[in-house]
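Please find the structures below.
Both complexes shown next keep subunit A, but they swap its partner, so subunit B is in the first and subunit C is in the second.
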Partner chain A sequence: MKNPWRNHPAYSLLLALNILALLPQTFWLDPLTLLLLLLLWSWGLAWKTGYLPLPNPWSKVVLTLIVAAAVLGQQAVLLGLRGGSALLAVMLLMKSLEIRTERDFYSAMVGLFFMQLSLLFHNDSWWMGLYVLFLALGMLALLWLLTQNKARDRLPDCLRHASPILRLALQALPLTVALFLLFPRLAQPLWGLPLDSTQGKTGLSDKLSPGDLIELFLDDTPVFRASRFQPAMPPLDQLYWRAMVLWHFDGRAWKRGWLPAQARQKPAKDDTLRYLLVNEAYAGNWLVSLDWPVDGDYQAQLTLDGQWISRQQWQPAGEHQLISARTDRQESAHPLALSWGLQLPPAGNPQTRSWARQQLKKHGSPAAFLRFVLNHFNRENFYYSLTPQPLGENTVDDFLFRTRIGYCEHYASALAFTMRAAGIPARVVTGYLGGEYNPLGQYIVVRKSDAHAWTEVWLKGQGWVRVDPTAAVAPERVQTAIRDQQAVHDQGMMTVDIWLKQQLDWLAYRWNRWFLQYNYDLQRSMLHNLGQWPRHLSLWMLALLGLLPLGWWLYHWQKRDRLLQQWHQLQRQLKRVVPEAPVQQGPEALARWARLHLQGGDELARWIQHWLQLRYGPAGSPPLPPLPPIRRCDKPPSSHA
Partner chain B sequence: MPGENFQRHIISEINRVVLGKSQQVEQALICLASAGHLLIEDIPGMGKTTLAKTLAKVFGLAFKRVQFTNDLLPADITGMNVFDTTTQAFRFHPGPVFSQILLADEINRAPPKTQSALLEAMEELQVTVDGQSHRLEPPFSVIATQNPLEMAGTYPLPESQMDRFMMRIPLGYPAPEAERALLERKHRDPEVQTLGSPEKLLEIQQQTREIHVSDTVLDLVQQLLRQTREPGRFVHGLSPRAGQQLLRAAQARAWWQTRDFVIPEDLQQVFPAVAGHRLIAASMEQDVQQNLEEMALALPTTA
Partner chain C sequence: MNLDSIAPSGRMDRLTMKRAGKTLPWQPDRRQLFILPTRGGIILGIALLFMLLGSLNYNNNLAIALTFFMTSCLLVSAIWTHRHLQDCRLLELQALPVHAGESLKIRLFWQPPETSYLPEIQGLNLQVARHDNHIDLLLPTHHRGWLKLPPLKLTSRYPLGLFVAWSWWRYSRKLLIWPAVEIQPPPLPRLQTVPAKSNYPFSQGDLTELQRWQAGDPMSRVAWKILARHGQWLSRHPEGENESHGPLLLREEDTGLRDREAAISRLTAWILEAERLSIPYGLELRGQPSIAPALGEAHLTCCLERLALA
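The block that comes next holds the complex of A and B.
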């Protein structure tokens, strides 16, 4: 028997949808897996075009094992997201190589649906959403094709008449929106996405050694967006987004530490700055807030040194209402902070140490010494560059007295070290600086490339003071880019690419806010704002879904075929008493058999005749009598057959 | 149901003479009761003539037999106008077709013109000689035979003409016991009793028409027709006329089973014989008859 799926247009569509669902995976799957997937897919194509047969059952088993092993062997994390996706893709393609029955086809389709959905696990941006929506339309077309009697038509001809699909999809749209908005959401997800250890590496790290941030400067991925500043948005060069405080220096790297949590204080009314922060998902237990954080709805602790510490190592996309103090830093001197702030490795960087002590003596007060160092950075031949020379063992000495080329982290680190060497508490803070204003959505987008490191110095009487040494060397790093941007905006001289970039970013922002972050809380607040009825509607929807199976069952129970049930009853009883009874035969044949093989078979045969009469005869027959008792013949069957 | 025993009597009387062919006898009786024509496909000596003769005798029908040869002319079947010298006028001299059961032996040996003369009689119940139509009085049934093996010098019936036959059945070899009984017969075939009459047969044909057909059964008939029209099985599907004939045959079978309504098993039983000669397999490796048997078996009997 020839396989009918080979020339079926649905198989062509399945192949096309398979490759379309694989296409985005080139972003995250490794080359070997991709090659295997492509080979498997080509096999399907080769079968379709008649160059290759389908694999036979044994080679299928072997092939499955080999491919699965090869794919999983490539993965760093065996059951991570990537490994799972790769395995799913492989199995899906294998499935399309063993399509014989309609049932096979449907299982391939279910797998494909899941794979399309899994694309969003890797990338939940708006364009991936659109892409998956497009693929879903393709799946609708596939389902539609299967219901049409078009086994021999060519795919393009079929799709030319596929307008009902669009109509159906549009008709389903209101229900989809209603379900999205109203279907009850859980406060805690039932399951989490496994996180590959390789993912989320390019973000701020809780360790900073020379050269660390360079990776970020080249990455334009948005980290978060901020909007609705109240009372007003500060100038961009004042936006120091604080993420982590690095306390511990080991001679090369600065490591993170945090002080105990502080009681949330209320700053003076005219000193507060309220704003909304919409973040993308990222890995890490730190949370960003505008310097200096006072309060906010982060599910985290606010420490004395102005860090938000979350209990989770993974921050989902979300939006948060935050409050910062504009001028009053309110940081109390914690004894731990003063001892940490002076900590230095026992040896190393001798030149800097002695230079710092000399200069402090020369300038007298710590504040004057700080001014001197910043001036020193400014006047001497210090340069700002993203491609500095490598530093030797004594990184600070090397930087201050030899290379004198570096970027924010070099300056922040050098300044903090110098201060400490002079006996002034200091620390390094990492985070982001500025951002890009989007006039469309009136928000600021902060990208990974906005990463920044600066220093905070403890000055008696002033507390911890934020000092940005980079600004001393290269004010343009801090200001020029931002000023240019504002100038462009003010003069209405926007080039097309900036305009396009802003449009796209605005789209991404909306997608995040309206779609990705629609969760339990948002749903609750939305329903709350709308009043009572939607909440009831939501409950009703849940109840309705629960009742659906019941309704389905009731409908079938009510419409059940009484006569057919009686027939099944006869079959069951007969089978129980006489296991060899030919119950699968037609009623007449069974009646004939009963006459010959059963005691009182005539009565049963009459009952069957009556049953037939009721089922196929003209209306108006008397109701069926109860099933006569079925007894096995004691004697061997009479042979008058 | 009038005379429940009548059916059983007829069947057992025929089976007394025609040994071991109860199923073929049933099919032939179905054809007769639904005023259809029967095509028997088998090699000579399998009892075709006995079956035809017995059928005619049991109903007391006028029986004629024509051996078809390649020089047989239409007039040899229909009859001809002969000049009568006493009356000085042409007088129609009726041919063998003016009978009630006509056995057309080896129908594929005659040239198409002769075949079509017979087929006109079958379809229209009339013959035309020299522009003059002569009606045949019902009941009238043709039992034609065809030798499927000897194809040399034959004119196989085209499908359009095969359609005139309600059923095509093979006779097949008898079962060992039946053959033994046949060999042990001392004399010629035993005389068959006449149990019915031509009027009775007309009455039966009317009764079979009135057998009740439920919607479910009509659905099943349509399902079968639709299946034959699906691509991949046959070159073309069954015609609406074939569907009518299928239903008529099922009704007749129900009548012979002393039932006044059609059940799916009736369809199962008659479908392969009714459809077999009207279809051509779509490819060489497919067997029409086997395909039809499978379709019949797949029919739900308690739907």
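The block that comes next holds the complex of A and C.
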């Protein structure tokens, strides 16, 4: 039996939509999965062109199971977003290999719907939105083709005549906007997150072991943008964006911890720095703020060690007003902080431990010891490199006395360990440093590549002091990039690609601020603001609604048929005075009747003739006189004769 | 079998047929127009519901926008479907009368909406062929007399096939079906004006004389076979025709049949034969005033109508 869909343009379109939905997945799917998916898709193409038959039902089941197992085997998290979308793609492509009825098309379209959704969950930038909109229009065209029943035509010819689809989409837009704004949003998610939270989208993880950050330095993806600094924007190399504090060291990795929440303080007025932070969505319960955070509208707790801890493991894109203290850190010593700040693994890195104790004894005070260590980093042949040699079991010993090559996380970790070994409380802080100024939107964009780690050391009398050992080794790491930008900006040496990059980033920033962050709270406040309007808006609306029928009536009253109304008036009066009058008859007949049966009927007959003249005669007749009085005859006219 | 007795299949059809349009020209009124999602519409609708749930849960605004956009397109397409059918107009009906047993060809002129997609038309028990400005219906007939057209169902899935709108039309006027013609009727009865001449009511009328063709002889009497074989122009003249040009009165009793339908079939055949032979004929049915003998199209129609409704 021949399958009628093989040469149907709808099948060509389905194949095209499948490959278009697969295309962006190349960004996040592994090569083997992609290869398998591509092979499945080519089978559909081969069937269409006549090289291969469709698989029979049994082989289809086996094939599905094998491919699904292979694809899922490739995923780190079995039912995460990636695994899910890969599985979805397998299902969709298999469904496209068993098209027999129109219903199979609808099933495939459901698959396409969910593919689009997974694309958006992976990436919610404006260009992905445009891409998916394009796909959605393609799906409308597919439905159109299925309905048109033009099995013979070629796909391009069919699509050329599918322009009503665009009209339909345009007509759907107002409703889309209304639904988007007004459809009630969820205040709390209904279920947890299957999204791959271990591969946190911003890359900062809650633990730091050598080599962790390296992936980030090569990634240009923006993490957040900050603007509207009040009173003024600090220099870029002073922008330490604090994310997490790592307290616990196990000999290899630093792990995160946080102290109890603190009461929100009020810094001295001239010490505050207000700014607006617009973040992209990411996984994690931490939030970024400028060192040292004091207050803000995050839905989170601010802990004593200056971290924002959210209750959710997923931070949506959003816009936040935050306040930082510029100089006064105001951090009180918490007993837990002092004990955590001295924690060390029971064994390991013996060389560093003894070296630290010796040097502290030699320099006397902790502050002097700290200065010495930083000088040591600077004077000795320590190098900054993004491709350091691998470290052995005693990571700190290896780094300090053997390799001496590393980047921020090595230095931060080594410094913190050395301080602790000398009995001085210390901790590692991760976050971002600096950012790139966008003159177009007057904001700072911070990218994954700005990730940074530094150290904080407890000094009696000064409290926790931020120490950036990387700056001691390689100040250029902190300053080069920034200087380059400023030079470019100052001298007007904008190359086209920088200009384009800034334009695009500005677009993304606007997109985040205006579109992505709309949520339950904003919807509520918007509706609340609408609720404040009744005095003005609602009254006007009601008045307008009331005026509409009035206007309608006025319009019709003006266009009414005066002559017809006069005729109706005559009929009414006749009926009232002479109930048996033949009012349903035509004017001529009525005039004859009036002459015979009414007192003064001649006058009425003349009036009717006049009316006829106006109605049907040439233009220019004088206007109709008022209706003559209608009186019954006292006696029937026949008795006169 | 009476066509009226054929009920529409589904319950929905039975319900909605009560609102069928009856007039011509006709355009579906809002109250005569029904719309429901198709299976595809239901499948995609459920998918959209799940998409909405997922995207609301993560408050992914793009996903929410996509879901609402597709939902809006679905809803707008429903309006389009409705309007598409509402723009259909049935204008005029043409049908040539037929004898019972033949197929009735009806040409229904219409004005479909100006789209590349024509609404579908279904009828019970009849064939339908759609064209750009008319619809051809082929309807088998079984009985003489008035025939009510079976209901027509206009269906549209334009533009996306996610909704189906339909409307019923059942013409209130009836069409007259002439009686069936007896296939091999006996020859015409002898002239009733001179019944004494023969004992047989119908003699050997099938014997024909061949005479030289003369100008004025109708074409139907030309002996074509002989012309083809011998090249001679001859025309047939039924025996005795020349002697008895007097008008015939065809009476129901003369058929000699008791069965009414058979008798009417025979009379029909006779009338047609008499008209063909140009013998003036009249008709007398039991219990009805007789139709005086005459000839011609109008007379024939008059007689056939009388027979159809007898």
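General observations
Heads up, the rule we're going with is that the second predicted complex is superposed on the first by the 329 of 641 C-alpha atoms of A that agree within 3 Å, B and C clash if a C-alpha of one lies under 4 Å from a C-alpha of the other, contacts with A are read in each partner's own complex, and residues count from 1 in each chain.
Basically, a residue touches a chain if its C-beta (ideal position, glycine included) is under 8 Å from a C-beta of that chain, and two chains touch if they have at least 3 such contacts.
Not measured: the values here are computed from a predicted model.
Looking at the superposed arrangement, the partner reaching more residues of subunit A, out of subunit B and subunit C, is C.
Residue contacts after overlaying the shared chain place A:Leu627 against neither subunit B nor subunit C.
By the touch criterion stated above, A:Leu52 is placed in contact with neither subunit B nor subunit C. Shared-chain residue A:Leu63: touches no atom of subunit B or subunit C.
With both structures placed on the common chain, the touch criterion links A:Leu276 to neither subunit B nor subunit C. Judged by the touch definition given at the top, the superposed model places A:Asn519 against subunit C, while subunit B stays out of reach. Contact with subunit C, but none with subunit B, is seen for A:His161 once the two complexes are overlaid on the shared chain. Judged by the touch definition given at the top, the superposed model places A:Phe121 against subunit C, while subunit B stays out of reach. Of the two partner chains placed by superposition, only subunit B is touched by A:Glu588; subunit C is not. Looking at subunit A, you'll find no residue that touches subunit B in one structure and subunit C in the other.
Touching subunit B in their complex are the following residues of subunit A: 4, 151-152, 564, 567, 585-589, 609, 612-613, 615-618.
By the touch criterion stated above, subunit A contacts subunit C in their complex at residues 102-103, 105-107, 109-110, 113-114, 116-117, 120-121, 124, 128-129, 132-133, 136, 139-140, 143-144, 146-149, 161, 164-165, 168-169, 171-173, 175-176, 179-180, 183, 185-186, 189-191, 193, 195, 314, 316, 515-520. Touching subunit A in their complex are the following residues of subunit C: 39-40, 43-44, 47-48, 51, 53-66, 68-73, 75-77, 80, 115-117, 157-162.
Within the complex formed with subunit A, the subunit B residues making contact are 212, 214, 216-217, 231-232, 257, 259-265, 268, 301-302.
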